[in-house]
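I have a structure I would like to understand better, so I am pasting it below and will then ask my questions one at a time.
Labels for the chains are A, B, C, D and E, by order of writing; each one numbers its residues from 1.
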Amino acid sequence: MMLAWLMALPAIGGLLAWPAALWHRAAPRWISLAALTLDLLVLLHLWSGSSAPIDITGRGQWIAILQLPWIPQLGISFQLGLDGLSLLLVLLTLGLGIISVIISWTEITERTGFFHFNLLWTLSGTIGVFLALDLFLFFFTWEIMLVPMYFLIALWGHENRTYAAIKFFLFTQGSGLVMLLAILALAFVHQRETGTFTFSYFQLLGTKMQPATEMWIMLGFILAFVVKLPAVPFHTWLPDAHTQAPTAGSVILAGVLLKTGAYGLLRFVVPLFPLAASRFAPVAMLLGVIGIIYGALLAFGQNDIKRLVAYSSVSHLGFVLLGIFAWNTLALQGVVVQMLAHGISTGALFITAGALQERLHTRDMSRFGGLWANLPRLSAIGMFFAIASLGLPGLGNFIGEFLILLGTYQAHPAFAVAGTLGVITAAAYALIMVQKTFHGPPRAAAPAADLHAPHMAVMAVLIAAIIWLGLYPQPVFDVATSGLANLQAATPDGLLLADGRPP
Amino acid sequence: MLHAIWLVPAIPLLGAVILIIGCGRLPSLLVSIIGVGSVALSAIIASFISIGFITTPPPGNAFTIILWHWMAIGSFSPAIGFYLDPLSLIMMLVVTIIGFFILLYSSEFMAGDEGYSRFFAYMNLFVAAMLVLVLARDLLFLYAGWEGVGLCSYLLIGFWYQDPANGLAARKAFIVTRIGDTGLMIGLFLLFTHLGTLEIQPLMLRATQSWPAGSTMPTLAAVLILIGAIGKSAQIPLQTWLPDAMAGPTPVSALIHAATMVTAGVYLIARTHMLFALAPAVQMAVAVIGAATLLVAAFAALNQHDIKRILAYSTISQIGYMFLALGVGAWSAAIFHFMVHAFFKALLFLAAGAITMRLHHEHDIFRMGGLARRLPVAFWSFFIGAASLAALPLITAGFYSKEMILSATWAEGGRIPVLWAAGVITAFLTSLYIFRAVFIVFFGDLKTPVSGHYGPRITLPLIALSLLALIGGFVETPEGLGGITLFSKFLASVFGEAPVVSGSAANLRLLAASLVSLAGAGLAYALYMRSSPRFTAWAATPAVLGWRRFLFTGWGFDRLYNALAVRPFLAIVRVNRNDAVDYVYQIIALTCRMAHQFLHQSQTGRIRWYAGWLAAGSLVTIAISVLQ
Amino acid sequence: MLTVPLLQPLLLAVLLFALGLTGVLVRRNFVFILMSIEIMLNAAGLAFIVAATRWGQADGQVMFAFILVLAASEVAVGLALILRIRHRLTTLDADAADLLRG
Amino acid sequence: MNDAFYVASGIAVLSTALAITRANGVHALLYLVISLLAVALVFYTLGAAFAAALEVIVYAGAIIVLMVFLVMMLNLGGAAAARETQWMKPRVWIGPAILGIVLEAEIVSILARGDAGVPSLAVILPRDVGIAMFGPYLLCVELASMLLLAALAGAYRLAYLERAEG
Amino acid sequence: MSPELFAALPFLALSVTAVAVMLLIAVRRDHRLIAAITLAGLLLALIATGATAPPAPVTLTPMFQVDGFTSFFLALIIAVCIAVVLLSYTYLNQMDDGGPVEEYYLLLLLATLGAAALLASMHFASFFLGLETLSIALIGLIAYPVKRARAIEAGLKYLVLAGVSSAFLLFGIALIYLDFGTMSFTALGRIWDTNPPHGDIYALAGFAMLLTGIGFKLSLVPFHMWAPDIYEGAPAPVTGYVAVVSKVAVFALLLRYFALIGGYRFPSLLWAISLLAILSMLAGNLLALLQDNIKRIFAYSSIAHFGYVLVALLAGTPIALQAASYYLTAYAVTTIGAFGVITLLSRPGIGHDADRLESYRGLMWSHPWLAGALTVLLLSLAGLPPTMGFVAEIYVIASGVGMQLLLPLAALIAGSVIGLYYYLRILAVLLSPAPSLASPPATPKTSPTGGAMLGVLVILLFALGIYPAPLISAIQHATAGLARSRAIYLAEDNTAVTQSPGMPRSPGYDQ
């Protein structure tokens, strides 16, 4: 039941926060903060109980499982499950959620109630995505995430918000519908196979299919996930959405929402369709490599700081795609760390960009320059995270990228070598950002104030987190291990590689 | 005692962290105490550790300590841990001691700079990262230090951030070295994938056990490591970043771009020398690259007029010697030269800094002159450094280290001693270009007014380093000159016994090499002290001028790379700034819009038209239903 | 009684139906359009009678009666509307009634 | 009987064609009446005497007369006829006419491929129709009355203000 | 009481109310009273529907049959009709063009009666009469504001086009009748059960012409052109009625008809329907794409929506019947809600409704409750959770996937994505900051009944979107009978359609 609360608390908080704005303008903020903190406590409580995991025969170890009837006529149940992988991602979600509330404290002054409602509902949907073990429920929460996010962008976004919001929505929803087709097709194939019509993840695992069928259904899933991830060439919604969203929206989008794509690939695509996934792996890895390079090239070319960070996300998540389809322990652990580290570092960069925009009223880097002199703290923090995102050892991103590439090398050396080139291009865009923004001759008029205390606190937490990830990621690995074992249990032999060599 | 080894990098790191958190608000005195003091402390600890190590060597002449396991995923378990053996001990000492002197120097040199605490923060961070690099037990941890020093190099080259040129130089340095780092990273993948560990010592052992010499795998691995080393150590073809890196403050150039970081490649190859021994072809390539770099950089140095750029090319060239030594298997010679080079090159840079700070940061040697009498401390230290660099016989440390390399090269050289010849020619050129600088800068007429004065924090390091540059070579002398082998004996547990070169032929070569460097100095005197009109006229002929310009730009490597890589990259970026992929979606959107317009216009509002469609639809429906 | 195959009266119905339809499509005057609809409905009625003849049933004629009901209703409402539109637009031109479009 | 059928058919087609092409409203309606009468004859030949009677009484008698009344009331005289002629340019009617012909050709070709059967030769008396109407079709007849009520209410509402407005 | 009479109670309630209203008009014109009586009659009919939902089908003459399916949809359309009455009362009061308003209720009742007859009909005669009663009454309703040129034009357009389509429909029925000598659905089904059809050209041509008539009522492309004009011209409550009752009733009939006669035996017919469905989904959404009249947008979107439900009809499995029923329910709730919002925002006095998209700018800030309701309705139309529209869309897609209708599904996906664009466009207008001064926000004097009704609808949308199980149970119960008759033709669920050579098949599905 705690699992349902995990999902429900933000939703309830959102429902409370909305009308609370009538009472006092700051009330929604406090309510949101309280709801998310409470949720975090629930999660930690669950985590503390993880020493006695629930063992489901053949389905791995779960920290908690919940199953309630929902639409029995259609074989749909309200089924949630928490394992190591989802635990980490929910943790990330809540962490960034709390941070988003804090950074919106001063940025969002209009319609605070509705803002926090949307923020919390997006988070609730995301948590649902990470917990859902029923494919219908998964799709339900997958869609639930979108609408509030649309509002966040369309209402509190910047100059081109409507276009960006609609583009974001169309891409995700269009691909989501294709995934829906695939989910239903899977359910029907399963019904034909076994006679039961169900959307339960556990029951659908191991459904026998013709190779062609498996491939088509898997492609339906993959489309939705790579659009969300995003992988080239389905990424073009991302720069617009990230750029136009308010800071909290960008943080949530980049930090959390993109991870749902990766999570979907991990949780559903490979375990449900191991054979097709292994056939598809080279293509996916190629897409990953293309994403790494292409995203970095585009990031380098941008003048808008948020666009730059957005394209850098494309590049970073290329690594994730690469790692997922390498499907060995090293690469998968790398994927987990990369997701967390990307969430933290990119989130922090968006906060930095948001702070800059708040102070300079532009995102155009050609109008920045030399900010170090006036805003040393902001600049130092911005540079720190730029460096983190170029993958400096000792910081979290490096661990992720290194493990992914190492794992990939064991599976497909050529892709690893190509992906490693991304390390060079990452340096190019991260440093050009630092140069254009913080270095160079001071151009903009001296802005008012450096970061204030709440922001500094947030940044300190993020810095600490990313250094911790970089120097001692073992706790993350330990938590993720059980989750990854659950996934790999579905593919006992690992992904058979294209050249037929087991990893 | 040895267990305190972790303090050596940790103390500078702590200093850096304090300075960063202090965020520029600490008083400058406190900053310098923290900045210099932490490295001093580290140097003292390092010294005690060294004494302990030498007096009571640990079993196997090596000591390992693991602080914590960085990660443990299956068999992949790199540790945050240190490995101390004679090689890393020497590196550690050089880094901490030279680092201490340079930081001491900086505390005065940088006084008054608005980024004073930032400077010390970065420098301390650098020292910490460099110590990690040399002390790391695992290749991955080494890589962390490797990237860390790269980052600090970037930060310090671009230290004066308001000038975009500095930023460009910094980025160039970072990205070019990163190209090399990528090679190293792939090398790590390969090594771990095939040998199952990244701990250096077991790794080397496994490599020798499981890979036959000359086979593909060690060759590949060695090539990848070599790429990393080339990038870091500014060897051909990745040398172009180093001259530009001189944009940073002079102490930075001294510490990072002369004494320590740029020689990390040498250390890396020495550290993994067993692997290179398994790949003779690659080892040959190391030697060839070293020899080529020697010559190329020396010629370029001859044509510079920025004093720091002369030194930069000289550094490239001198590292070429080290590579040459590595390539011929004279591992300890390479390390010996590394150490000596650290002494005299740091000295040269600090002296150059001492000059420029008194000349309002004038770097052009042709606008200096006659400084010998006005700046005696700077002159004498620069002169000693130059002598050591030029390897003036007997009295300078450079003489002994260079001799060791040249004799090893001769021994390895085979029938045609091309490599040896390159070394000797470069010795001549080295002498020529550095004395060219000496004569132009210190003699002749005073061209720029001198101001200010030196405090003890500048003179002390200069004196100390001068001493080292003179006497530092007596730990290893050729057979003909006493045959002291303290240094190579000490390293023998790492590299094995070095072969002793002896005989009259060796002494003859020794004599010849000495004459060569003296001849270079002499020629410099002839050309630049007594400016001969014939030489000036010859130097101004168009053909020569063209060559000089070509050499001035460092053999046109920058232009080549601009044309081959940088410009195409920028062109692609510019063309694709708006993301070509997005056009696909825009076309889809446009198609929908056009379809909408078309259909929209079909809604004419006319009833007969509507009825017509009704009839037509019916016609089609009937046709499909019946005639299908 | 008729002894030819029923195809022939059926063809007559089709012909009348098509003529009515052509009338709807061709004429611009609402009155003529209404008239043409009546022709079409009548043709449909004829088809029912033909069918009833084939089976010897009364149902076709019942349907015909219902069609008459529809035809009468259409005319009644239609004429009222025509009066209205004439009042508003001062024309019976069907093409002129295109306020609603797009 | 067959001859009567052919003659009546011919008249029906001809007069319908004339009805939809006349410019003058009254003329057209009169042609339509002729057509309806001819169809009534066809009904008769098909053995549907009751339907024939309804056709004459209700269709030709009531509905068309109502329309004649309307045409008179709207005073679609000479000017209107001239406008009608003007509207009847080939450019206007050629497209719809082709559509009509194609549709007809299609249906005809379909029907010709099938079998429409032959007359059953059973005479259906008005009595049979009545029995059907008040037997199985009883509720339908009730519904038809509701249909008429709807038409009545609608027409009433739509024409309501016409008196007041003149 | 005989079971027949008992089953006929809802119909009787409707007829009696209609007659009572007619008589009362003759006696005393009192808007409030007549509205109240209408409402009472409808409530009575609704209660009767609920109370009399027969456990087994009850036949009322060979023409009609009342069963669970009938009762379900009857309840739905009566409920919708009640909503329309609630909306209309204030609207008519404010319209005030000097003419009588009371006939409106009479027409509404008659139209509902026609729709009810459609739902129960088992025979072409009752089908035809129900349809025409509905149509003729609708013409009166559409053109009810006689002072509005647009309303008159809409009425006339509907009259002419409905007349033409009726002629097609009738001719089609005649051809079917000619071929088989019966007009009863069950009899037709039985004939084909004993003699499997081969080349019944007349019947096929008849079905096709019938399809023209039905396609017209459902405004499927290319029979759709009237819809936007009529939606725009008719007064907003009537538009809601046209959009919901006439379409839902016709579609429900189509479901029953198809199931009973076994239309699935005719692959070419399925082909034709597929084509109509695909065209409707694509063209409907494309037409709405940049439209700036909100009523027209809803017209186009309804075209598309019926394209979606046709996918369920094409699939024809039990799950598809449920899907179609659920979809129609969701559609009814949503659409009537949407037109409710338009009605409440309209000031009928000024001669047109609040239908310019521009007049909705910033509505979220001037009328938060109405705009909030509209937002929810739009989300439901777009098929987003947690609304009924979401479940409905999934249901329909599920039925399509179950039968591997790849081409229609592809069109469905493409159509929904295009559709999303304009729903979001409306949403963006609602949310845009300052309300424009050019067109001041519509009347704040919204009727409390209308508001309450909207509230109920929105709650329903959420409740049945989040927990649809009860409604699904009801639908399963309602469609069980139909599914049984369907099962006769589809001994095995997923063979009939896929075996037909013409149907599109997935290349990748199990062979």
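The working rule: a contact is a pair of C-beta atoms (placed from the backbone, for glycine too) under 8 Å apart; a residue touches a chain by one contact, two chains touch by 3 or more.
As the structure is a prediction and not an experimental result, all values here were calculated from the model.
When the C-beta pairs in contact are tallied for A-E and for C-E, the bigger tally goes to C-E. Comparing mean CA positions across the assembly, the chain most remote from subunit A is D.
Innermost chain of the displayed assembly, by C-alpha centre distance to the whole-protein C-alpha centre, is A.
Ranked by separation of Cα centres from subunit E, the top chain is B. Averaging Cα coordinates per chain places subunit A and subunit B 38 Å apart. A straight line joining the Cα centres of subunit B and subunit D is 101 Å long. Averaging C-alpha coordinates per chain places the centre of subunit A 70 Å away from that of subunit D. Centroid to centroid, with C-alpha atoms defining each point, subunit B and subunit C lie 96 Å apart.
With touch defined as above, residues shared between interfaces to two or more other chains in subunit B number as follows: 600, 603, 605, 607-608, 611-612, 615-616, 618, 622, 626. In subunit D, the residues that reach two or more other chains under the touch definition are 95-96, 99-100, 103, 107, 110-111, 116-117, 137, 140, 144, 147, 150-151, 154-155, 158.
Annotation for subunit A: no residues touch two or more other chains. The complete set of chain-chain contacts reads A-B, A-E, B-C, B-D, B-E, C-D, C-E, D-E.
Every residue of subunit D that touches subunit C in the complex is listed here, in rising order: 1-2, 5, 9, 12-13, 16-17, 19-20, 25, 28-29, 32, 35-36, 39, 42-43, 45-48, 50-51, 54-55, 58-59, 62-64, 66-67, 70-71, 74, 76, 80, 84, 87-88, 92-93, 95-97, 99-101, 103-104, 107-108, 111-112, 116-124, 128-129, 131-133, 137, 140, 144, 147-148, 150-152, 154-155, 158-159, 162, 165.
Against subunit B, the residues of subunit C that register as touching in their complex are 21, 24-28, 33, 94-95, 97-102. Those residues of subunit A lying in contact with subunit B across their complex are 232-233, 235-236, 239, 297-298, 300-302, 329-330, 333, 370, 372-373, 376-377, 380, 387, 392-394, 398-399, 402-403, 405-406, 409-410, 413, 416-417, 420-421, 423-424, 427-428, 431-432, 435, 438-442, 471-474, 477.
Residues 95-96, 99-100, 102-103, 106-107, 110 of subunit D are the ones that touch subunit B when the two sit in their complex.
Of all residues in subunit E, those touching subunit D in their complex are 15, 18, 22, 60-64, 98-100, 103-104, 106-107, 110-111, 113-114, 117, 125-126, 129-130, 132-133, 136-137, 139-140, 143-144, 146, 155, 178-179, 200-202, 205.
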